[in-house]
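Next up: some structures, all given as structure tokens.
The following pair of complexes shares a single chain, chain A, combined with chain B in the former and chain C in the latter.
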Partner chain A sequence: MASQTETESGAAYAPLRARRPTDFDLTLPALGLLILFFVLPVAILLTRSVTEPQPGLGNYAELLGSSTYLRIFANTFIVSGLVTFVSLLIGFPVAWALAIMPSRIASIVFAILLLSMWTNLLARTYAWMVLLQRTGVINKVLIGIGLIDKPLPLVNNLTGVTIGMTYIMLPFIILPLYGVIRKIDPAILQAAALCGATRWQSLVRVLLPLAMPGMAAGALMVFVMSLGYFVTPALLGGTANMMLAELIAQFVQSLVNWGMGGAAALVLLVVTLALYAVQLRFFGTDRMGGR
Partner chain B sequence: MKKLFALAAAAATIATSMPAAAADLVFTSWGGTTQDAQKIAWAEKFTEETGINVLQDGPTDYGKLKAMVEANSVTWDVVDVEGDYAAQAGKNGMLEKLDFSVIDKSKLDPRFVTDYSVGSFYYSFVIGCNKDAVDACPKTWADLFDTEKFPGKRAFYKWSAPGVIEAALLADGVPADKLYPLDLDRAFKKLDTIKEDIIWWSGGAQSQQLLASAEAPFGSVWNGRMTALAQSGINVETSWEQNITAADSLVVPKGAKNKEAAMKFIALATSAQAQADLAKVTGYAPTNVDSPELMDPELAKTLPDAQTANQVNADMNYWAENRDAIGERWYAWQAQ
Partner chain C sequence: MSKPFLQIRGIRKEYGPVTAVQDVNLDVAQGEFLTFLGPSGSGKSTTLYILAGFENPTRGDILLNGETLLATPSHKRNIGMVFQRYTLFPHLSVGENIAFPLTVRRRPKAEIDAKVREMLKLVRLEGFEDRKPAQMSGGQQQRVALARALAYDPPVLLMDEPLSALDKKLREEIQYEIRRIHQQTEVTILYVTHDQEEALRLSDRIAVFSKGVIDQIGTGPELYANPATRFVAEFIGDSDFLPCNVVSAANGRAEIAIGDSMTVADVPLHGTASSGSKAALMLRPERLLLSKTRTESGLPVTVSDITFLGNNVHVVTRTSKGNGLSVRLPFGHEAISGLNRGDAVWLRFDAGSAHVFSQ
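The block that comes next holds the complex of A and B.
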């Protein structure tokens, strides 16, 4: 486009340039698609939350006034927080190792990471079920080597959900972290060492603060994605660990009560948008993804 | 993130908007082996006889069905639904009345026929047990609720539907003919006593996995799934003691595009031969009373319709009336 304007018309037609599509114009088709197929249906569902079965806020009163539903809200946050924490704990060392290892080995590790992301979610979740159950491989091995005598309850509870979801979320924390850590100049760490910092000090006072944007971006993304997760908690958790997305699915599909379903969905949406606003406010869009 | 949303939206659009050619009939069921069997026993025969192409869709989703009817844009012509849902949806105006001048209901098991639905197939909740995993298998619902005599995890159906509440009441000593109206307080109190020992299964395949791996060596399961497990070489025992029947139903959503063809499809699907063919593959019972004659007697013996002596019928009309109230209480109790 640019070269065409310059070779054929030169600078004389400068006003034409004003009509060049801006970045915003280019997003219009995608935006239109989003509005038509995403924003609009969501808006309709949310409208039903205040019109069904009677107009008013009855659905919200029921949702927020019931100890059962409040427990599900609380549980959703607990699970998401736990998954985010464990993902960071495991993801940080992995990202760091990826950033400093020879690129040939790193690319193999990346392939493994991405391959796991591309494998069917349901298949992966069932695989965890088989591994974690009382008669599963992990318990059999632990009993076999004499570490435990009774099988550990690893599935159909909070442990199972946390393990299964952390496994799925790890790439989303490792990739942004890797981007940020790789950009840190190794000389800075050398400088820290030269100035007398111990290894622990250079980790806590130099590397961690520098990696903070990546950690925050990854953590928020994982937390927000976890809030709306459905398949893994449904299969690896017990009914006592129900999460919000499952509740919404129950309202919409099984009870065919769209008023309550819409109300629960709005609560989830508001929380997610609030978190997204926090992310934008403190980290900005340009720092996300580590690019 | 936005890109992800757009992609997902586009994928969803493509998946749901593939238009069926005007003359094609769309049959929707639950997927898996059951729908495969329905395709072979019913759809392919129907195409052979009428020349009308049958497209398969699924899984059945009551939310989606409601959306289609309300938007008056119904792409499903015949849908396989649960019996209690059929009875309720008929009353709520979600379904077309069936044309019984096309569908011969004189040979259909009257337990599963309403103005809006006919039985698709029927099944029983039975007590399944992996014999290799335990010393003794529970024989009755009372056994299944007795964690002292039969320690270990037990599998139960996760969703609010006829079956588990009835089992709890029977286990607590309520006579089969006094089950309805269901005493929910009593049922949940009984369920409380084994709540910690329940592993919920949300689909048939999961129930098989739980029993086969002995994660839950016994439980309340669909009879057909036990037949399949036995065929795959697992040493399972099925107790038919007070087996609780429930049926799937065939319905036509209100405003379906190919109503006439839909009635013909249902007529064929509920014919003696088609019902016998389906039962052969699935282990579920035919809803046409003439079907058993057309089947291998050895096989017919293994189906729920040969176990009527000790059978408890879930009351679909009661469930249709109370489906919402029970559902809300059920899920609230589960989440506690």
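The block that comes next holds the complex of A and C.
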């Protein structure tokens, strides 16, 4: 837009006008908003984490020195990793199917996907609780058809968290993967077949490497979102596998310990930024969309 | 000729109500370069895709060395193919691309390396093995694709308009490369194109496709000198058509009348025509003789345009009824000197070089 304004006004009129807005000027309102609502709170949190209850790095030392807290960190990574892995496992075939199915049917599937994303998170999580509990539909059906004798523990544990979070994260992996797979020329796969590659070899040697940028983008997004997830782990998980967001909530809400809460939040932020840097290093933003 | 190497037997392909290929029969000899020539939608690519195993025919069979190919899936057919679009694997280097068919066949590493070197030499791209496809020009990419398709010594190589994305000069350059590679490897090639010049330059024989059937199969000179249908006559070489009336017809020859001024006897006739029926006379621009003085056997026409094309000159003329006839003469020909637009001239032709097509 800026260049268009320049050509329209022309050089002759330029001196008559006051200084025209530059690209940077135009970003100021957005920048102000970001600083006020994002940078400032984080800065305050950072400050409180090194000043409360007394100045210094005591909060961080306590957080990283305690085996209880470290177990919560580890658990956060395990759950996030597991959710990312299962999402990829389910998301890849779905994205592939979407890419090759007739566009009319694909748009219906997309509508269903998006509809689930727009449904309230709490409602969806409670729905899973109802489905997964000891007397829930899934256990009843499995017992009914004689597959199991007593109900499986599907909720208040790792299984429940993984199922609930994977369900929520799936669209975030399917959408970027779909974008990348659709850009792959089907003739490339035909060429692979004529070269003698079996379906499996075509998948592993051609399709997966070409879909890698989309897989990396989706996987990172899911992993990072999972790291900070609160509602689903709190409702579907058990006390044995608490996640970092739950710990932060506990510090702030129950213990009113802003210092520890801030420290935990910052550790999470640093890990997230580090992962993002890794992603940029290996895949780069310009390669996110595909080839 | 010994037993046919590749036989296409009554292939038909229907997509719902649309018939893409009607009834294609073809015998291909080992080592032959056969081109499917035709406009888009004529069924030539569909026939090639059936050979590749990407499509199944509604009816018919394909035999290679006497055994049916149709039961074999694409990846076991051992057929090579170069596609219209660039289909090199973008994440693999040139060397890895050429090695791909051998890698998936789990051949020993030493054999693969030797073959990759041999193939790079064949397509004259030695030293390029570490490049990525994106770092190469379109012509180079198609040469790598050719090397990849030949790396596993396929009995048949399919080429689906491999040069259509390239500019004219590069296209000619690679056409000669393909010819050389064909002579060097003696692989049987089935080549699809809509470009008659490309077909003539490359092929031993050409199969002209029209509306799902093969109109005629033959060498370039055969198709040019003796087109079986009006479509073939239009597609191979330049040609103009003049409405005419059949005076008499017998034994594949006809006597015809053009307008009321001229009759020509002993013109080769295609199709059936009886005395008095309407027909079309095909004339080639390079077989017409132009004379500035009135001759009894000449067709009177008016010059409407003269175009200088380097080694020859293109003269467009019109008959009194408004039909256009082009004449091509070598540069410096005495008949053109001093010729101007609007001049009255007379055209003559040898009856044997013309063709009559019944309507």
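Note that the second predicted complex is superposed on the first by the 261 of 291 C-alpha atoms of A that agree within 3 Å, B and C clash if a C-alpha of one lies under 4 Å from a C-alpha of the other, contacts with A are read in each partner's own complex, and residues count from 1 in each chain.
Note that in this section a residue touches a chain if its C-beta (ideal position, glycine included) is under 8 Å from a C-beta of that chain, and two chains touch if they have at least 3 such contacts.
Keep in mind it's a predicted model, so treat the numbers as computed, not measured.
In the three-chain model built by superposing on chain A, chain B fits alongside chain C with no clash.
With both complexes placed on chain A, chain A has more residues touched by B than by the other of chain B and chain C. By the touch criterion stated above, A:Gly196 is placed in contact with chain C alone, chain B being left untouched. Of the two partner chains placed by superposition, only chain C is touched by A:Ile188; chain B is not.
In the superposed model, A:Ala123 makes contact with neither chain B nor chain C. Of the two partner chains placed by the overlay, neither chain B nor chain C lies in contact with A:Leu115.
Between chain B and chain C, the minimal CA-CA distance in the chain A superposition rounds to 28 Å. Residues common to the contacts of chain A with chain B and with chain C across the two structures: none.
Residues of chain C that touch chain A in their complex: 52-54, 73-81, 83-85, 87, 89-91, 100-101, 103-105, 134, 145, 148-149, 152. Residue ranges on chain A touching chain B, taken from their complex, read 30, 33-34, 37-38, 66, 68, 71-72, 126, 129-130, 133-136, 156, 221, 234-235, 238-240, 242, 247, 250, 252-258. For chain B in complex with chain A, the touching residues are 1-3, 5-6, 9-10, 12-13, 61-63, 66, 153, 158-160, 199-200, 202, 206, 209, 213-215, 324, 327-328, 331-332, 334-336. Within the complex formed with chain C, the residues of chain A that make contact are 185, 187-188, 190-198, 201, 205-206, 209-210, 212, 291.
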